[in-house]
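Sharing a structure, written as structure tokens. Questions coming.
Chain naming follows the written order as A, B, C and D, and within any one chain the residues start at number 1.
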Amino acid sequence: MNATADGLSVEKVHVWRGDRHVLKGVSLNLGPRQLLHVSGPNGTGKTTLLRVVCGLLRPEQGLVSWLGTSIASVRTEYQATLAYASHEPALKADLTALENLRFAVGLKRRVTVDELRSCLERTGVAVCADLPARVLSAGQRRRVAMARVLAMNASLWLLDEPFTNLDGAGADLMSGLLQSHVEQGGAALVVAHHDLKIDVDMRRLDLGP
Amino acid sequence: MNVGALEAFGLVVRRELCLSFRRPDQLLQPLVFFLIVTTLFPLGLSLQLSLLRDMAPGVLWVAALLSSLLSLDALFKSDADDGTLEQLALSGQGLTLIVVAKTFAHWLVTGAALVLVSPIVGTALGIPGSAFATMMLSLGLGTLTLSWLGAIGAGLTVGLRRGNVLLSLIVLPLAMPLLIFGAGATDRAISGVSATGALYFLAALCVFTCTLAPFAATVALRITLE
Amino acid sequence: MWTWFYKLASPPYVYGAAAALAPWFLGLAAITISYGLVAGLAFAPPDYQQGDAFRIIYVHAPSAWMSLFAYTSMAVAGAIALIWRIKMGHAVAAASAPIGASFTVLALFTGSLWGRPMWGTYWAWDPRLTSELILLFLYVGVMSLRSAFEDPARGDRAAALLAIVGLVNVPIIHYSVLWWNSLHQGATVAKLGKPSMPGSMLWPLLSMLLGFMLFYGAVLCMRLQGEVLNRERQAKWVREAIKS
Amino acid sequence: MSNGFWSMGGYAGYVWPCFLFACVVLAWNLWAARRYHAAARMRAARALLMAAGDAS
């Protein structure tokens, strides 16, 4: 168990929620060109683990480090390099898909509208760009959220159940995007309860009891 | 390629303003509430203009505090409910900057709007035009300070289901100095006495709160985001 | 130094220390409060202005003092817990709140009963009593915030932050109420407690003050045991503590 | 002395309720603290029992 200096490392993380011991000493390593598939039944702390890795939740015990330094000491810089997609699409219903992207991605890096449009095109929702998020279907919202991840140009992707609400074509598209991200040197941590069929350096962490 | 703090601040303020103007009803509700409450007082009291004028500063200020508080509940809640607050927190800009921008934008659409309609209410309550400048200045300082106090309260109650009542319960005691100095300043301006003392106090409170409250509100949000 | 600090903050140590200290505090409080009561009610001379009504000060002043003291210790314990992530600080803060609130109620009750013969009304918006009332609201806010959270750890931290914000505000509230009162009240009215007091009046007061502090310590220790157990339900040491 | 002591120079109606209420508050504090501790013990004991049940 040695911290990888070129990626993400989680060492013996413990989290309690009230009386519930949600994460019991979870450890993982994730370097560039790698994909880690976190699986396990409901209530085993998959989302909690993701929130710990993001730095949103500080674990009671254990250490999360990025490029060899603890994320607690470089939180904002670290968070600038990651793209997180929670299990809800996190879109403002009153804003259009494009505006949603502009306000979310614009805080991470300077981005042009054309770039954002091309990201929406890559996830197959270019037609939705100027529609308010409230009229989009669940699958379309998921694709917009994926376009946001793409547009952030982040080296670390943290995705919580990215395949929910996607049809077969959407799932294939998602797998393709993950594959090209990892092949281009990125790292991805994907929480999914079913098997992933992606042809990259993929490992699996089962949080089951 | 990195986004500077000022640019990020502007972007978040634009986002908040954009969201508010997409929902004009929510923008108007606190203002209408303000007007209704100030109408209730004269109806509940006997219609003696002299009595009304004596009560005016208190009525105006209580109504202003309550209507600003009404909208503060939504400051972080709507973003927390749809998950965008997490995205903002992870934007790599530091949560304090986000909190500052959001609170400032919130004040622009509630507090500043309230200051602009206050002359109408003031006229109805019999406040002379000569006191309007002081009244508006004190309301501006007071609502800005309240927005900051409210940001702490909103951060603390964001994850709670019935957070609205609790928010009032924890913010109103903290807001009492505002009421005292704000109504005091307005009162003095009505009776033609110099109100600078009270205004200085209000300004001092405003500066003090603006300096410390962003950090407290950030800590509050971090606690409830976990 | 830090190991000592953390040992002091370890739950079994806190639990044991609280259990050991509580009877001592309680016994000493009983002695000092009895002396204060007897000397204050029977032997101190009546005040030349307020007559025997001034004797209310023997419960009013200590309870008003304790209401502030308990709030301060709650906020300081919360700050320590928040900054160094020491759970026991939250336990102290949580134990402190209801005691402080009860002292605040006592101070308000005795203050208004004293006000009736002095001002002719139970509630004259005296600045000190008004500040005391706002302090009660602050207590209520902190306690309701703590219980509003399903996850006790989050409730603890939220309450600690609110207590700190409240503590910063207490002096501001007090002085603004003073300023407000000086605007609205012309002549100075009789105040409870005067700067100079003869020893026969002062000693019972100091004794009551000390007694209330010790009593607070005793009740804090008793409540603290409960708070520690609630926070450490799954810990191994609790098993032994419960069995005994 | 006894008569004057109990009448408190005419302020008996104010002084004695204050001291009575003070006693009530002090007693309530002791009672509530005891009850709180006892309830916490009960809950901890129940949690231990349940943990023992899980283990067996």
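Keep this in mind: contacts are C-beta pairs under 8 Å (C-beta built on N, C-alpha and C of every residue); 3 or more make two chains touch, one makes a residue touch a chain.
If you're wondering where the values come from, they're calculated on a predicted model, not measured in any experiment.
In summary, the chains found to touch both chain A and chain D are C. Most remote chain with respect to chain A, judged by CA-atom centres, is D. The most central chain, judged by the distance from its Cα centroid to the centroid of all protein Cα atoms shown, is B. Each chain gets a centre from the mean of its Cα atoms; for chain B and chain C, those two points are 32 Å apart.
Inter-chain spacing, taken between the CA centroids of chain A and chain B, is 36 Å. Separation between the centroids of chain A and chain C, computed from CA atoms only, is 48 Å. One finds 41 Å separating the Cα centroids of chain B and chain D. Chain contacts: chain D has residues 47 touching two or more partner chains. Counting partners per residue, chain B has 226 as the residues that reach two or more other chains.
Residues of chain C in contact with at least two other chains: 233-234.
Checking each pair of chains for touch leaves A-B, A-C, B-C, C-D.
Only residues 82, 134, 137-138, 140-142, 144-145, 148-149, 154, 157-158, 161-162, 164-166, 168-169, 172-173, 176-177, 179-180, 183 of chain C touch chain B when the two sit together in their complex. Across the complex, chain D meets chain C through its residues 5, 8-11, 14-15, 17-19, 21-22, 25-26, 28-30, 32-34, 36-41, 43-45, 47-48, 51.
Put simply, chain C touches chain D in their complex at residues 33, 37, 41-42, 46, 51-53, 55-56, 59-60, 63, 98-99, 102-103, 105-106, 109-110, 113-114, 116-117, 215, 219, 222-223, 225-227, 229-230, 232-234, 238-239, 242. Chain A makes touch with chain B in their complex at residues 51, 54-58, 76-77, 79-82, 84, 86, 88-95, 99, 103-104, 106-110, 148. Listed in rising order, the residues of chain C touching chain A in the complex are 150-153, 233-234.
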